[in-house]
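Look at the two complexes coming up: chain A is in both, with chain B in one and chain C in the other.
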Partner chain A sequence: MEPHGIWIYAITGRVSAAGLGQLRGVGGGPVRAIAAGELTAVVGDVGLAEFGEQALRRNLEDLAWLEATARAHHQVIGALAELGPLVPIRLATVYSSDGGVAAMLADRDADFRAVLSRIRGRQEWGVKAYAAGRPGPQDAPVGAAAPASREAGAGAAYLQRRRGQLTAQKDARRRMLADAETIHAALCEQAADARLHPPQAPQLTGTKALMVLNAAYLVDDERGAEFGARVEALADRHPGVRLELTGPWPPYSFAASEESEGVGERALRIEARDAV
Partner chain B sequence: MTTGSVAQTGAGAAQVYGSGYGGGRDPANLGDILERVLDKGLVIAGDIQVNLLDIELLTIKLRLVIASLDTAREVGINWWETDPWLNSNTSRQQDDGHELEEENRQLRERVRELESGRKGRGNSRSDRESRGTARHMDLRDHRAR
Partner chain C sequence: MPSEVEPAVMSGPVRRRGPRAEPTVPAERIALVDLLDRVLAGGVVVAGEVTLSIADVDMVTVSLRALVTSVSALAESGAELPGVHR
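What follows is the complex of A and B.
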């Protein structure tokens, strides 16, 4: 038999084999359970020719392969999330044996159960805020209608205008960051927990607009609609930013037990990326 | 590539449903999925076959790719704008790219205008041009990798 490894998708409570029945994971393989105590690791067997360390090093750089694998991993986690609370595991976590997985479950039993009880009955929602206007100096094109009476005068006028544009951009950015802070604080009130993520690069978002907030909120199942309504209300109140709500997600952003800081304890730290 | 059900509300909040859970719906934007499966989710160690450092290596590389694209944009290379993986909104980005090109052109004209009155004051412009070419070649190499 080809050498294989054990790919882990998620840790959850007890699951029935029937629940996993038709699920297909990375590489198209079936999904099965490894149980230890009250916990279950949902795993799949993967051939090391494709998912071993050397192969992964190569394959992870292949964007088509990465996309297919990431989607397959995510799909299994998404399907499992409908069955009950779970701890999503980072992509490409491969164990060498079932015994190793079971030992890990036993080892971290208390941690996992704490995370599971924290996310039980809750879902993750993603909220991003983008600059609503264009960041560039669109209103006053540089170099237009400069008084050309004297060289120095023209140059100074140009520099002054350019400086004015840059200052205006900075002010606009500061206002948007303040908006983001207000929005985040308001959404934290609706959430059991929150995480701030770094803004995504424009190449990943598919939009050139500056991202000023990229946050995840852990929201009670029954308050999901309310949360969505709150996002809409905030979008109305802050026309300077465009809000995007995604979800519900499995609780990827709340999987780590050690990061147990409460809502709002973490200061909002957003680095404004320069949108070229 | 993006989700099948992006509802644009009057309020300007785009709601993207079906991002999280499977169930046959068109899944979320790839960028969002990659962000979560590569950067979030629990990291565990133990009797492990694959060293997680590999993943760190990958995410760093992904970020480098993105960073190099920023650099590329600075020097006016826009090949990635037609890359369907990196960009689901190609045509719009190309429009934006043209506007940037136009602003660049205006700026260059302006610089030339200003410099024409100060001949003999060094030739920083040609320095800059040759540096631009070197970066350009670096990026090509990177792409061919």
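What follows is the complex of A and C.
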């Protein structure tokens, strides 16, 4: 038999084998449960030729492979999330034996149970904010409006115009960041917890618009509709940014225990990244 | 842009939806970039035995490199890609 490893999808409470049913995971194989104490790791067997360390390093660079694997991982986690609270495990975590998984479960029992109780009855929603509309001053190329001039003052006028443009851009950016902070603060009020992801690169979002917020919120199940309505209201109130809501997601962004991650809002660091 | 990275988002005026109306986003409609934010940067990190040193790799960087490379390759081939500055 080909050497195989144990791919972990998620940690959850007790699950019945029937609950795992017909689920298929990465590589198309079935999923199964490894129990230890009150916890269960939902896992699948994967061939090390494809999912061993060296192979993973190579395959993670292959977009088609990465996408198929990410979707397969997510599909199992999404289906499990229907059954009860779970702690998603980061993509590409592979053990060499069931015993190793059981030992890890026992070792981190308290951590996992703390996370499970924190996310019980809650879902993750994603909210992204983009700069809306046209970045006015950028539209006019520098010097476009200037008549060709032989005068000595042309250089100074150019610099003045350029300064004006840069100031206007900076002001617009500052306003959008302020909007993002206001929106984030308002949504935090509706959420049990929040996480900020780095803004996504324009090459990846397929839009040129500057992303000024990429956040995840942990929201009580019964307040999901209210949260969506709040996002809608905030979108109306802040026409300078365009909001996108995704979800509900399994609580990927809230899987780390409070001790290891440091809970709560991280400072908005968008400006620093963006200023480069 | 390629259909597999079509965002599963409600943009513009945000559509209202009940929390359990559609329990999880249908897997095939999720934008890859949003999914990678979660499966690569989210999820709990446990020290895998086989992938012990993979944990040291900046997974997000890996994925972004894969994505950007792929997007560039598409752009090279002349595909219409909004948002790609060349």
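What we mean here is this: the second predicted complex is superposed on the first by the 251 of 276 C-alpha atoms of A that agree within 3 Å, B and C clash if a C-alpha of one lies under 4 Å from a C-alpha of the other, contacts with A are read in each partner's own complex, and residues count from 1 in each chain.
Convention: a contact is a pair of C-beta atoms (placed from the backbone, for glycine too) under 8 Å apart; a residue touches a chain by one contact, two chains touch by 3 or more.
Given the structure is predicted, the values throughout are model-derived calculations rather than measurements.
When both complexes are superposed on chain A, chain B and chain C end up clashing with one another. In the superposition on chain A, A:Ser253 contacts both chain B and chain C. Looking at the shared chain after the overlay, A:Asp221 reaches chain C, while chain B stays out of its contact range.
Judged by the touch definition given at the top, the superposed model places A:Gln200 against both chain B and chain C.
Contacts of A:Val15 after superposition: neither chain B nor chain C is touched. Of the two partner chains, chain C is the only one touched by A:Asp62; chain B is not. When the shared chain is aligned, chain B comes close enough to touch A:Gly155, but chain C does not. Using the contact criterion defined above for the overlaid structures, shared-chain residue A:Pro239 touches chain B, although it does not reach chain C.
When the shared chain is aligned, no partner comes close enough to touch A:Ala35: not chain B, not chain C. Put simply, chain A uses residues 5, 8, 11, 48, 51-53, 56-57, 60-61, 63, 66-67, 70-71, 73-75, 78-79, 81-82, 87-97, 100, 104, 108, 115, 123, 126, 197, 200-201, 203-208, 216, 228, 231-232, 235-236, 242-250, 252-253, 255-256 to touch chain B in one complex and chain C in the other. Listed in rising order, the residues of chain A touching chain C in the complex are 5, 8, 11, 48, 51-53, 56-57, 60-63, 66-67, 70-71, 73-75, 78-79, 81-82, 87-97, 100, 104, 108, 112, 115, 123, 126, 128, 195, 197-198, 200-208, 214, 216, 219, 221-225, 228-229, 231-232, 235-236, 242-250, 252-257. Only residues 5-6, 8, 11, 48, 51-53, 56-57, 60-61, 63-64, 66-67, 70-71, 73-76, 78-79, 81-82, 87-97, 99-101, 103-104, 107-108, 115, 123-124, 126, 132, 136, 141-144, 146, 151, 154-155, 158, 197, 200-201, 203-208, 216, 228, 231-236, 239, 242-250, 252-253, 255-256, 276 of chain A touch chain B when the two sit together in their complex.
Contact residues of chain B toward chain A in the complex are 2, 9, 11-17, 19-23, 27-44, 46-52, 54-55, 57-58, 61, 63, 66-67, 69-70, 73-74, 80, 85-89, 92-93, 96, 99-100, 103, 106-107, 109-110, 113-114, 117-118. In the complex of the two chains, the chain C residues touching chain A come out as 1, 4-5, 7-20, 23-25, 27-28, 30-54, 57, 59-60, 62-71, 81-85.
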